[in-house]
Every structure is written in structure tokens, then in C-alpha cells.
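The structure appears right after this line, and notes come after that.
In this document, chain identifiers A, B, C and D correspond to the written order of the chains, with residue numbering beginning at 1 in each.
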């Protein structure tokens, strides 16, 4: 069986695991005050070229989004997101748990557009009933998006400009950051991203870590008493050094890049396997998630040897499926997939 | 100057005021445990034909929606509403304050449709990521809607059937209930409404009271420790008898009906004044809110003698305006409006 | 029957009621943007000698405490209060509803002490686990306290100094402010109170209004988007002018003072009635609440002609009772009470 | 340097780590739907002798307490705990974040007493202002307590009986469960604990796991849609199998017991080292946390070779210190400590 359901199906990348093993017996203080964490912070800030910034480590993505958005908003503030945004659909109301409304904008391709945000804000501020409405205080976007797409440097600059015009913050969910950075279609570096938003997170869980996300900000003044807020959200890991050790490993060499490149490389080859056989890619994704429209009998027969996900409800004759690659996807995995597809298409 | 901005521009209907004056010096216990409140409850339950039901009184509509929805939902539940619903747009996040996501359905006319709810629910329950999503536990609708429209008995039955099929509760916001009940287009009585939902509220603030809303339910078992929850929300009035006195007055005679009929009568005459002059009614509202598309110069000149609201942003040459009637609107008021319109249209 | 249960058993003081009647038919915009409210604000600011301050009006005390404390705290902040504080005991968790812990200090007499607050804070800030604890960000006290006692000008200055030393705000609950100001034991004026805290509220509900509380602050910058927050809490009255009209009436003459003086005068006479007969006042209250220790048979026989409250659980042979006076208490009321006590004590 | 600061200073017990390495490359579905987690659940239920119960896995203790208490309470419910309880003091308001007040009872020894709970409840239910107060719906206790003490079987039975009498649930925080179970002073087995409460958690983080806590309940009907609630709290681990793998390892052999026994054995030897030298144990702890009163010069000199924590503020001449043991504490560690203490006491 070959697996393409998601990028959190296996443990840690071997190099990350090796470091966890190597440091297992060390004694450190808890809650992230250890030296591994300090070094991981240092490495990330250097890579992001924001020496006076700060980095905070949490365990998972929903948790990270909830705590960061709770910190960057005032009590009665909301967050603008695309209709398909993870925080709008798949976090079980984690943002609302602390009272923040997710204000969604329609998004044919699952991306926010600077002009749509601008229009929304000018309507909000010209409406006399504005005190009766939730104030949009922050914009949330995912890079890559939930559908595998990217924002170009220009698009991100435009969005950030709109945010600043309306006195909003910009926060970027980088759960799959490695795959965005490594994509041949990408023109952004980590340092660009750090510069073009107020805070973002570098995803570990889906990008080679056992678990963990690194929140990065060039504006530490926005993160007042943040460790305490993490604790209040149940998001402060006792053995915080586990996060430090992992991110130190990912960023002291080019490991994070390598993980991203490998998975994207595999994804583009996988795409070729499908399109060469005449199957349509549903979104033009240049990252590690690929979506195809497949005849239902092909879907059924593929299932015999491959594990993957239906995307939405199955159609009458054809369905959309998602294939995801990661560091553990190999050329052999793809060969198996190709073979599985072979007999099916004759 | 004649006023049409809203139905909360004046104090109480004279009969309600008279009773407040008459009872002002009486001593009663606080928090709604008094005899006026008991009698108001009794009268409303009788009118609704649900003798074993219960009634709770609060001060305003947003407060009422927030406390009732908080009670009828479990922690991680959401509420389905139309995109234009008051709770979705104009309550500043009062529903989200206690963690409940408002799940909006598109609504060309500002009304929920049974089949759209059904479709939403079957998608929700067939989606494998359902634990990652907010569970729709309750449906909210306004009668009349924010745009003055009504649900027919058949439409309400269909919606309630869908709710029961999916194990959801139905809650009706009756901020302008008097005007819905009194509309010639309406085929629902209070007893129908009480039967076709799990809870609803009878609006007082916009229907002749100084303030106050009466939450009615035929299922008191759903309202466990509700007085305490009201207190927790800051929604328990110390001199609770003020609410009892007002609703007793509204329901011991046909006063609530009279208030509704008068305002709807005025609204339909007002509509005639506009349409007779060739102005288009934007929504086909049979209740006390009327929306017209008016040339901007007409809007400007009307403003000299009439107070009313723009509905949304003004257009380049014409704009949508809202006119609202209530118990204090008189034939003389309408005559003044007609006169104002006269010179403007020649 | 004579009534002493509380100060919210009757309607509005006749002068307040008269003004509500007089203004009933006026048309105004909603939500407190009317002229009555503007004038009430002006009058209160003048009386408080803080022309650049601001005033906000809400309906009840618990609501007011919840919204103000929610505004003056950051997400993960708590509020210091006496163990007997209204917010700690009798608001059904309204402060916790939006996530703020009430940090209580022991208080033999129901009063906060500057040195106890100081000790608490120095312990908090010297504790290394401080990020794991709720930060005390605001101090809450009641003037008069729940037991009828007062803070002297010196005591209040000391407390406010401690607050500033530790970067905390001070908020005063003035539900019964009129009775504190009017007490012969009081050395504070409204302008002192306005100066010696960051925000406080002037109680209307218990001091002659039908309902309503006026939040006063000399630091309006602390109340960012406060109308919207009120809305979010369901605390923004649609017919906001009702609050304006009442407070305008209370403060355009010396009515608020007169109401306070009368009730305190009655309370001290009432106290004399009891103590002259040998019954002990439990707290040395110089305001409108009086607490006595009475033999249980006296309690029982008093109940025949007077309504009042037991304070806590009844004791085996004697119990503590509370008697409260207000504008509606008359000399005749006291005479009746004295007569009731007469035969009981021989 | 020898370390005694806490039981979360090192990584995982070697056997746990070995299993994580061994399973690292396996592909599983996410969010705890994998076979490792299923098997861990099965093993724990068998050990607890509640075959029809359920087990949920989370990452850390504060998170676990917050999500479980949020589930076991209604919106306006509070939780009774000892004044020194972790949820009352050291969770930064995580319980209040979702609106639940922590109602603390004084506790000279840091333990709840059945009769004190009973008294609190009878006062609550006999108080007429009860709707104005937070309803105690659940009792929280720690086993062992924050000070290392245990509840006997009789004490726990008494407390659970009081809970049932007042219709409250009982929830036990077992962050250090291994050390309680393994103590020579303990007379409770896991199956007793499972039977004598409604839910509890078996601590992994402090007892040999890399991280993780296992919530156990014999009443799964109380945990409606709990996975979704975990998601809402940001507490659902993507690679959920990491928790399953660890708890499977801890419970498929007697590893959890061995870890407990070893640390308690070390703790009691450590205690002997101190008391033999005349230093007083502050609490009579039979578990892995030991508290001593030490002269300040001893404290200072010990610091040269040992890492441990001051407990509270230092005193003028002597201070209280805490020493904690775990699976990584060895006889050699204790020898070093003894040696450090040697020259100090001559």
C-alpha cells in the first residue's frame, strides 16, 4: 500500500528523530526556557533576517492559529479569511471559542484578493451601523493555501498594503510553508514573508517534524505576555525543548528546504503521472497537494493499492481526489502508483 | 419633521406607559419573581396555547438572542442563519462572545429555505472531517425578516421538519413579531409559531413597549437554570417587574395586535404613496418596514422634512432607503410625507 | 406591610418618572446618540470635574461590571476583589464568562486594604511561575461596600497609589453611590472619586432611577470602541435616551444627593430604633443598609408586618437580618417598624 | 550537576523512546484513529477494569484539565477545588477561559475534605440568591496532590459520595498518577480510581512519556462529541498515534508501575538523606515530590552541585525547597546529593 492521504501520516524526518534521540537524556528547564529553544529561535530569526523579532513554539496548527489570533485581536475584533480558510472551516470553532468572528470573503480559487479586502473595509467603515458590527482587525491567509496555491510577492505586498491602510494586522498560516518556499512557482523567501506580514508560523508537523509550529514575528511588541496566553490556552508544552530541538535541526542546516524540495518534486512527478494519462488536475497547484478529477471506477481500483482522500462528496461518474506527498514519499512510491494506474487505464 | 428611521424612536405606547405610572409605587421582590411578571407569563402562555410552557423576560433583542442561543447550544455548537440575519451582521459578535459560530447560508431574499438547510446538513454529516467542523445545532430565523418579509405556515413547517430530521432546534427572533402577525399576508398565529419552533421571542422594544422581549418556549426542559444564565450574561433586570407590567398590558387586551395592525396599515399606505408616484419597492414587504429605490435628488429633498435611513451605500444616481412605521405613526405623518414628495416629483 | 428587602423594590423616584412621561412621545435616534444622553453626560462630567472624561450608560450593575472589566483587562488578566465582592459572589460568573478570573483577597470587614493588595502583587511579581498565573490587572471595590461600609479619602488614595505602583487600574462599583456620598461618615465627593480611580459607575437602579448605571471615566482612551463592546455584551439599550433622560433628571438638580440623604437619614433612624431596644448592629454601616443580630422569635414576629431579608443562614437562637432604605422609605414606615418591634420586646 | 527541579526535565523513558523510533516510519491516519491508539485505549480500559469506558489522549495537563472540565460542566457551572489546586493557581486562567469559575475551598494540607464540600453545597442550595451564584457542578482533585500527598480509598469514597449526593461529577487530575499508585502509603489501584470518579487522567508527561495524558472515563456518555471539543480547544494532535504509541508502551507491560516505583523509591531515599541530617520534611509526602525546610546557607551551597526549586519566597534564615525524582534519578544522583550535603553540615 502507498500512502498519499496527508503530510502527517509518518513520524519525524530521520534527522529530526536522530536529534530527539541524541538529546533525550539531557536535563533542561521546562516551558521553552532551555538552550535548544533559544538556539532554534536564533536560527529562525537569522534566516528570516529579523534579528529583533521573536519566535514562539507550539505543538499544532489549530492551536497556533487560535492563540496567535487571540493575541493579535482586541476582545470584539474579528478576522478576515477566505471562505475555504482552515480557520473558517476545519478548526471546529477554535477562533470563536475566545469570541472572535471569522469574517469570510468569497474566493473562487481559495485565495484572498487585496481589492476584495479593500472593498470590504471601505464598506465597513462607511456603514453607520459599524459599532453594531464586528471590526475586522486582522487578515488571515494560508501560504500555500488549503488548495495548494501560492501568493506571489506582488499579491502579498498588495494585501499587506491594504492591511496597513485599514490599520489591520496580517497573519500567515504556514502549516505547509516548506512546500510553498520550495515550489518552482514561488518567488518569496522566508525573509520576504517575515517582512510582508506582522506574524506567521513555520509549520513543522506537516513538514518533517514529529510535531510543532514556530510563530515568527518581527514585531515582538504585539506579543505581550504571550507565554502566559499560551498557558491559558493549554498550549505551553512542559518539555518545551522538544520543539526547540526539532526546529534547531530543521534550520541549522538546509533540512527544511530539502524536505520541501523533495516533496514538491515528488508532487510534480505525481501530477505528471496523472495528467500524462489524461486526468485533469483540478487546481493548478505547484506544491505538495495535488487534486485530480478521476472517473469513479479509477478511484475504486486505485484504492486497492493506494491510500488517498476524496475531496468533497463523490460525483455520479467522477470524483475529486487529493494526493499529498512529503519527505517519506519516494520514487518507488510513485512507481507503485503509476503501476496501479496502468492496468486501470487500458 | 416626520420620523421613519426605526421603530424604537419613541417611548412606550400610552397604555403601557399608563400602567408603568400606575404601578410605580408598588413594592415587589426583584428579578422577575413578582406577580406582574407571573401574570404576564400566564397571559402569553394562554395566547400561545402552551399552558405547560415557560416565558422569560429580557431587556433587548441582541441580549435575548445571545442568552437563548447560548442556552440552546452545547459548547462547540453553531447556529445556522441567513447571511443577512441580525445575529450574523448587526450584533457585534454577541453570539461568538460565548463561542458559538454563526453558520450562514446564502439568501437572495434574506430568508432561509428548508431545502438549503437540508443540503447543508447532509453535507455536514457525510463529511468525514465533521469532528473538525462546528456542528449546526440550532436554526435561527427572524419573523418578519430583517427585510420585512414573512415565512408562510408551510415554509415554517418545512423548516421545522428539517430541523427535527437533523436533530436541530429552531429558534425564532420576533423582534418585530407584532408586525408579522398583523400583516394581511400572514397566515400564522402566535399559537402556530409556538408549536412550530422550540423557542421564540415576542418583541416588545420595537412593538410598543418602553423596552423588553419575552422569550417563549413550549419546552421548558431546554431552559435549565436559565435565570442564572441570564444573570451571568448581565441580562437579569433587578426591577424585573417592569418587564412583567409591560407585557401584562400588551397581552391582557388586544393591545399587541392593535399596535401591529396600526403600524402595518400605515406602512402599506406609505408604500402606496411611493409606488403611486412611480417609485419601486425594493422588497415585497407586507410589514412595517418598507424599502424603496429613490433618485438621489428625491432622497436629498425628502430629508428636509423627513427622517429615514439609507439602506446600504448610496448609488451614483439612485439609492435604497428604508421607512419604518410604528404605533406613533399617524395619518398626519403620512400626509406630511406625501406633501414632501409632491413638489419633488413634478 | 412595610418593606426593607432592598433598594430596588419600587419604580422610579417621582421626579424621574415625571421626566420619562414628559419625554415619552419625543422622537430620537437610538443607542444613546440622542440629546438627552448628551446632556446627562455633560452634567455628570461637570459634577465630577473631569470635562475631558466620558460617560457611558447601561441598564444594570452586573452588566456594567462585566462590560467595564472586560474592557479594562487584557485577555489573560484577572481582577482583584474582596472575598465578599459582588463580582466574586453574586454575579453568577459574569466576569468569568469572558475569561477573567476574580482574584479574591480575604477581608474581615468586606473591604480591600492597600497593604494587602501590595503584598499580593509583590508576591505575584517575585514568583517565577508568574507566566503560569493570572495577572492582576485591575482592582475592583464597591463604594459603599456590600456591607454598607465606606472607604475614606485616605484609604482610597492609598489603594490607588498601590494600583499605580503595580500598573493596575482601579474600578469602583457605585451601585449605591448616592448613599455613600450622602453619609455623614463620608469625606469623598464625586470629583474625588473621579480623580482617585480610572473608572467607576454611578448607580441609578438602586438610587432612584427606574433602571440604569452611568460609567464615568476621566481616561476615555481606555474605552476604545466601547459602544461596540457594549453591543457585543447585549448591553446597548435600543432606546438609549431612556438612560439619558433619567440621569439628566438626577443630575440637573440636586436630586441624586437628596435621594441619598433621605435614605441614609431613614437608615440611621432605623438603626436607632433597633439599637435603642438593645439589638446589636452587626456592621458599623453609615449608609442605607443596616444589619442586625436579632433573636429568632423577634425575627419571626417582625415578619408579620415587615418584609426584610435574612443575611446568611439563620442561627440556632439568633440570626442576622438586613434592612435597606431608599427614597420611598418614610417616617411612617419607620413608625410602623417601631410599633412592630414594641410588643415584641416586652 | 544533579537535577531535582521537576519530573519533566528529561525526554522519554528509554522503552518509550525505543517504540517511538521503531514506529516512526509507519503510515497511519491522523487524529488518533490509528491502531496504536486503539490498542493503548484497550490496554488502559482493561487495567482500569472498565471495558465499556473510553480513553482520550491529549498532549499536556493544563490542556487536559481545561477540555475535560469544559466538557463536564454546563455553561454557567463552576468547579470546586482546593485553594492550592493546579487549576486554581498555575494554569493562567485556562478554566476561566471558557467561562468556568474555580470555587476554592481552604485546605490547610492542600487536600479537599468530604465534609467541607458537603458544607459548601448545603450552604449553596439553601441560599436564596443561588441563581445569582455559580453552581458547583464538578469537584476537581489531584492524586497525588500538588504537595505530594495522597487520598486514601476511604477519603476518595467519602468525597465521591458527597459528589453524588449533590449531583456533582468528580474529576481527578493524575498528572503524577504513577507516583501515587506506586507509593507504599497508597491503598488505591487504578481500577479503584476508575470506579470512584467520573473521569480522571493518567499522566504521561511527568511519568516517563515524552508528553501525553490519557483521560479515562467509565461514563463515555458524558463525553459527547469530545474529539470535536478537543479540536476546538486546539488539543487534537495531528499525529495522534504518537500518544497511542507511548501509552501502549507504558501499559502493555508493567512499565508505568516500574517508573512510579523507581521514582518513589528514590524520593524516599532522598528524604532519608535530608532527615538523617536533621532537616525537616515540610509535608509528609510519600511520593516523588519532597519538600524540606533548609537553612539559607545550606540552600546556597547545595546550588553549586544540585538544581532544585525554592518553594515560595525565601525566608530570612531558612527556606522551603522542593526536590522531585523521576525515572532518570539514579542512586548515583542521590550519592552526589548526599556528598553535596556532607561538607555543608560540618
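Here, a contact is a pair of C-beta atoms (placed from the backbone, for glycine too) under 8 Å apart; a residue touches a chain by one contact, two chains touch by 3 or more.
This is a predicted model, so every value here is computed, not measured.
Undergrad: Name the chain whose C-alpha centroid is most distant from the C-alpha centroid of subunit C.
TA: A
Undergrad: If I superpose subunit A onto subunit C using their CA atoms, what angle of rotation comes out, to the nearest 5 degrees?
TA: 180
Undergrad: Need the CA-centroid distance for the pair subunit A / subunit C, whole Å please.
TA: 50
Undergrad: When the centre of a chain is set as the mean of its C-alpha atoms, what distance in Å lies between subunit A and subunit D?
TA: Whole-Å distance between the two chain centres: 34.
Undergrad: I'd like the Å distance between the centres of subunit C and subunit D, where a centre is the mean of that chain's Cα atoms.
TA: 42
Undergrad: Using the average of all C-alpha atoms in each chain as its centre, how far is it in Å between subunit A and subunit B?
TA: 42
Undergrad: Please set out, as single numbers or ranges, the residues of subunit B touching at least two other chains.
TA: 76, 91-93, 97-99, 131-133, 228-229, 231-232
Undergrad: Show me the residue ranges of subunit A that touch subunit B in the complex, using the header's touch definition.
TA: It is residues 76, 78, 89-93, 96-102, 123, 126-127, 129, 131-134, 313 of subunit A that touch subunit B.
Undergrad: In the complex, go through subunit D and note every residue touching subunit A.
TA: These residues of subunit D touch subunit A: 1, 3, 5-6, 8-12, 14, 17, 20-21, 23-30, 59-67, 91-94, 97-98, 205-206, 210-211, 228-229, 231-239, 242, 307, 328.
Undergrad: Quick check: in the complex, which residue numbers of subunit C touch subunit A?
TA: 31, 70-71, 74-76, 98-99, 130-133, 135, 224-225, 227-229, 231-232
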